[in-house]
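Listed below are the structures to be examined.
Shared between the two complexes below is subunit A, which pairs with subunit B and subunit C, respectively.
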Partner chain A sequence: MSPERRYDALVVGAGPAGLAAATTLARAGRSVAVFDEQPTPGGQVHRAVAAVPESRRALLGPDYARGREAVEAFLASGAHHIGQASVWSAAPGRVGVTVGGVAHLVEGDAVVLATGAYERPFPIPGWTLPGVLSGGGAQTLLKASGLVPEGRTVIAGSGPLVWLLAWQYLRCGLTVDAILDSTPAGNRWRAAPHLAGFLASPYPVKGLELLRAVRRSVRVVRGVSALEAVGEDRVSALRYRVGAGAWVEMGVDTLLLHQGVVPAIELAASAGIRQRWDRDQLCWHPEVDAMGRTPLAGLYLAGDGTGIAGAEAAALSGELAAHAILGTSEGGRVSGLLAQRARWLRGRRFLDLLYQPAPAFRVPAGETLACRCEEVTARALGEAAALGVPGPNQLKAFLRCGMGPCQGRLCGLTVTEALAHHSGRTPAQVGRYRARVPVKPLPLAALAAMPATDDERRAVER
Partner chain B sequence: MFRRLPDAPPATATILVDGRAVRAVPGESVAAALLANGIVACRTTPVSGAARGPYCLMGVCFECLATIDGEPNRQTCLVLVRDGLRIETQSGARGLGP
Partner chain C sequence: MTARSFDLAVVGGGLVGAAVAWGAARTGARVVVLDEGDIAFRASRGNFALVWVQSKGMGMPEYAAWTVASSEAWAGFADELGRESGIDVAHRRPGGFHLALSDAELQARADNLKRLHNQPAMQRYPYEILDRERVRGMLPEIGPEVVGGSFCPLDGHTNSLKLLRALHTALARAGTPYLARHAVETILPRGGGGFRLLSSGGTIEAARVALCAGNGNARLAPMLGLSVPVRPQRGQIVVTERVQPFLHHPVVTVRQTDEGSVMLGDSLEETGFDTATGLGVTGTIANRAVRLFPRLARVNVVRTWAALRVMTPDGFPIYEESTSHPGAFVATCHSGVTLAANHARLVGPTIAAGRLPAETFAPFSARRFDVPQAA
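On to the complex of A and B.
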């Protein structure tokens, strides 16, 4: 479906935050367009939730199945869903998007960016080998396509998704050969002071039973301090060590890597929203208030793109952003939403510290590729840092890191943290890759096909 | 290697991968179809010629690039399968075109 030229509100992202914002706005009589890369609404967390067979929703568990309600409410709300859309620019009043090979500049009085999250880079030796996938990628294959790994399968890393994925695989009848848990043992003590907030939040009921079920059925190796994927044209083995112990090698057909998710800030940053380094989540958070308002009038942010808090908190923040746009008076519904969201955020601190990935898995060494696209090694980053490179943007000129098609999404945090490590500065001092429009590749053919009015054409034609 | 769960819809579409006909589910991503057919690598890199395949499956990593119906560097995780789609694995950097 092609977008109209203008709407009352434009929403980028059809995950929990985007759907909640769009549904609330549409129910209030606003014309709304929601742009999303995927064909069906739900976002990554509820990917394809209304399209898959009932049996798969049941297998994937209640947190996944719950997404269907929000999708159905959205579809009934009158908001326009524009799927398979690639948004490459956003600013107050306007969004640039490619749909079906044609670029459009769509106007809207309010713009809500609900861009969600993607996985933190996991730079280890061999992580570019075919057969090594991200844990979230493997979960997407399961959700959207009913695909599961065949043969020897290992999940490595840290974070809730490691356990959720293993649990879902077990429910599908799969054997997971091992979980290599790279969560540093010391995290428990750093997280402990925040246990009360966690227990008072709705999180624990989700996690504990699941953890127990996985531990009963899967071999879990704790305290993994180093990990390598080995193979020629595809992964055939992995090597790991626990603490300072001896290296252990095991044959593997599929290796799934995951160490948490981080906000997708590219669109917000390219629009000029300032980013702050979050020391608990070890990533950038855009400048935004609890209602989703930014320093730019007419531009709102919602969901995990503003900081990782999960699907439920995302939906609450999406609805809050809608109320900010509608001018709903504070109190009543709004203060209820704010209070619910605060409960989720309180529980988050514990999870952030408990699953904080180890420095060794965030700042790689030696010949490990930091930038997958341009194949820039950790050693090269260190050598350039020793020359006194001030920040990631200057590093591009030296090494081309971050200049490939992923635009630094798979190396940005690694480069920031590596430069900070090598130069004795903080990530906030080092800074990050500047995000520029177009934040997704935009073919010239799509730009050339952009619809134009006769007046616009006459203004430039001779 | 990946296999389909029994609840997956039937693979009624035929797509061509480097000229070889393989079965796929209409509407699934091309990347999923490749993996379901045992194809874990879809290109070699422009820099070193190393093999790469789908990694994130959500449009972020740009590892799953392939030529689809003659257009190079398409993200196979974002292109949906329909009958008769032609996919060519990519070798190194793209050319300048015809």
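On to the complex of A and C.
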């Protein structure tokens, strides 16, 4: 479906936040377009939820199936869903999007960026070998296509998704050979003060039963402090250490790596929204208030793209952003939503600290690739840092890290943290790559079709 | 706290500052480079990387000669820098094109080059106006709208990011400190000679100082009795993903890098200190590029950016020593890539030696702007 020229509101992302925002706005009589990269609504967390067979939906669990209600409410709301759409620029009043190879500039009085999250990089030796996948990528294959790994399968890392993925595999009848838990042991003590908030939040009901079920059936190695994937053409084994212990080797056909997700901030950053470093989540958070308002009038942010809080909190923030756009008076429905969201956020802090990945898995060393696209090693980062480079943008100029097709999504955090490590500064002081338009690759012919004023043409034709 | 003391403090770590500093350090001078932080107006990270001769020098033949000299020196400079840094900066000099999309454009091009070369005292250099068929013999993939172009065998290009890194690496190997996050706020001439530079990162003392701070020179120069009337002029650039080599000569607005990506430039915009990009300008750049080389239509754009040229009123460089504060120099231009060879081989060593020989540098004094424009 092609977009119209303008709408009352444009929403980028059809995950929980985007769907909630769009549904609320459409029900209030606003014309709404939702742009999303996937063919069907649901986002990463509820990917393809309305399209998958009932049997698979049941296997994936109640949290996944619950997404169907949100999708159905959205489809009935009158909002336009524009799938397989790649949004490459956003600004107040306007979104640049490619649909079916054709670029459009679509106008909207309000723009809501609900871009969600992607996985934190996990740069260990051998992480680019075939057979080594990200946990989130493996889950995508399971949700969208029902694909599961073959042969010996190990999940390594930390964070709720490690356990959820194992649980989903078990329900599909798959054997998970081991979970290598890289959560640092000391995290428990740092998280402990926030246990009360966690217990008072809706999280424990979700998590604890699942954790127990996985532990009953899968060998779990805790305290993994170092990890390598080994192989020639593809991964054939992995090596790990527990604490300062001896290296242990085990054969493996599929290694799934995951250490949490981080906000997808590129579109917001390219629109000019400032980012601040979050010391608990170890990633960038855009400048936004609880209602999703940004310093730019007409530009709103919602969901995990503003900080990781999970699907339920994302849906609440999407609805809140819609109310900010509609000008709903504070109190009543709005205060209720704010209070609910606050409960999720309080519970989140415990999880953030408990599952905070260890420095050794965030700052690579030696010949390990930091930037996969341009094949920049950790050693090269260190050598460039020794020249006294002030930050990631100079490093990018020197090494091309972050210049590849992923445009820095896969190495941005690694580069910031590595430079902080080498120069004895904090990530906040070091800064981050500037986000450049187009945020997603765009055919030159599509850019060539953009409208230009006479002044703009004269600035080039000479 | 005692300030660190050097023979020469170079203000600015971009292509001009790094080349001047390297040239000075190679004479044995104890040099320090002071620079701003990661986010700054850095022409050196945003330029188009041409080592370019054709069309330069209209109104100042000495600039044409200066440009030709740097172009001739570039291969040797690149070799030397490669040896000292271990980095190949991918300098090539296959000759370059300016292409025309209409007969009117081609005629205007021919007229311009003729006028340029008819100037008194012009050091002529070879160029040719080629018709469509002759262009196609050298650039087989041109589009049907290309009617011809001008070709100059002295034109070439490099990888300007590798150039910047190579200069910084060579500086580090020469033991020259590079102090980023030392944005220079004030320069105080000292009684007995020499200078005190107060920066965001601390104070530095040096017997001589060279201003190579791009658009920042306008603010710093008056502290040293110099006038450097530079202004920012925005240029936007589009870059594509890597593709198989197809373009063996740089075109003034389209060039394929040694890494395979295709750079498309560029705009001239008087927008002050603003590095925003806009779809109207980048779209026009893309549109012209597709008309020049239709195969680019399907290639993906991965980035656009804007950077600020450092422009004097007449567009030519300023190289000058302060008369009121001997030992204070300025070197500024908008062709930090093309002129890098001259900056490293001539400007750096002469500043280190303490004077800019008048026979070479007098035409580039900013005093030329004091003369009222004759009618």
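The rule we apply is simple: the second predicted complex is superposed on the first by the 447 of 462 C-alpha atoms of A that agree within 3 Å, B and C clash if a C-alpha of one lies under 4 Å from a C-alpha of the other, contacts with A are read in each partner's own complex, and residues count from 1 in each chain.
In this section, a contact is a pair of C-beta atoms (placed from the backbone, for glycine too) under 8 Å apart; a residue touches a chain by one contact, two chains touch by 3 or more.
As the structure is a computational prediction, the values presented were derived from the model and not from experiment.
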item: First (subunit B), second (subunit C), both or neither touched by A:G146; value: first
item: First, second, both or neither for A:P405, with subunit B first and subunit C second; value: both
item: First (subunit B), second (subunit C), both or neither touched by A:V221; value: neither
item: First, second, both or neither for A:S89, with subunit B first and subunit C second; value: second
item: Touching partner for A:V230 - first (subunit B), second (subunit C), both, neither; value: neither
item: Touched partner set for A:R436, first subunit B, second subunit C, both or neither; value: second
item: Overlap of the subunit B and subunit C footprints on subunit A, listed as residue numbers; value: 404-405, 441
item: Subunit A residues touching subunit C - in the complex, by the definition given at the top; value: 89, 96, 105, 384, 386-394, 397-400, 403-405, 407, 430-431, 434, 436-438, 441-445, 447-453, 456-457, 459-462
item: Residue numbers on subunit C that touch subunit A, as the complex places them; value: 35-39, 45, 161, 164-165, 168-169, 172, 177-181, 238, 240-241, 259, 264, 266-269, 277-290, 296-305
item: Touching residues (chain side subunit A, partner subunit B) in the complex; value: 37, 39, 44, 53, 55-56, 59, 84, 86, 118-119, 128-134, 136-138, 140-142, 144-151, 172, 233-234, 253-254, 264, 372-375, 404-406, 409-410, 441
item: Contact footprint of subunit A on subunit B as seen in their complex; value: 1-5, 7-9, 25, 27-29, 32, 35-36, 40-41, 45, 47-48, 50-63, 65, 73, 78, 80
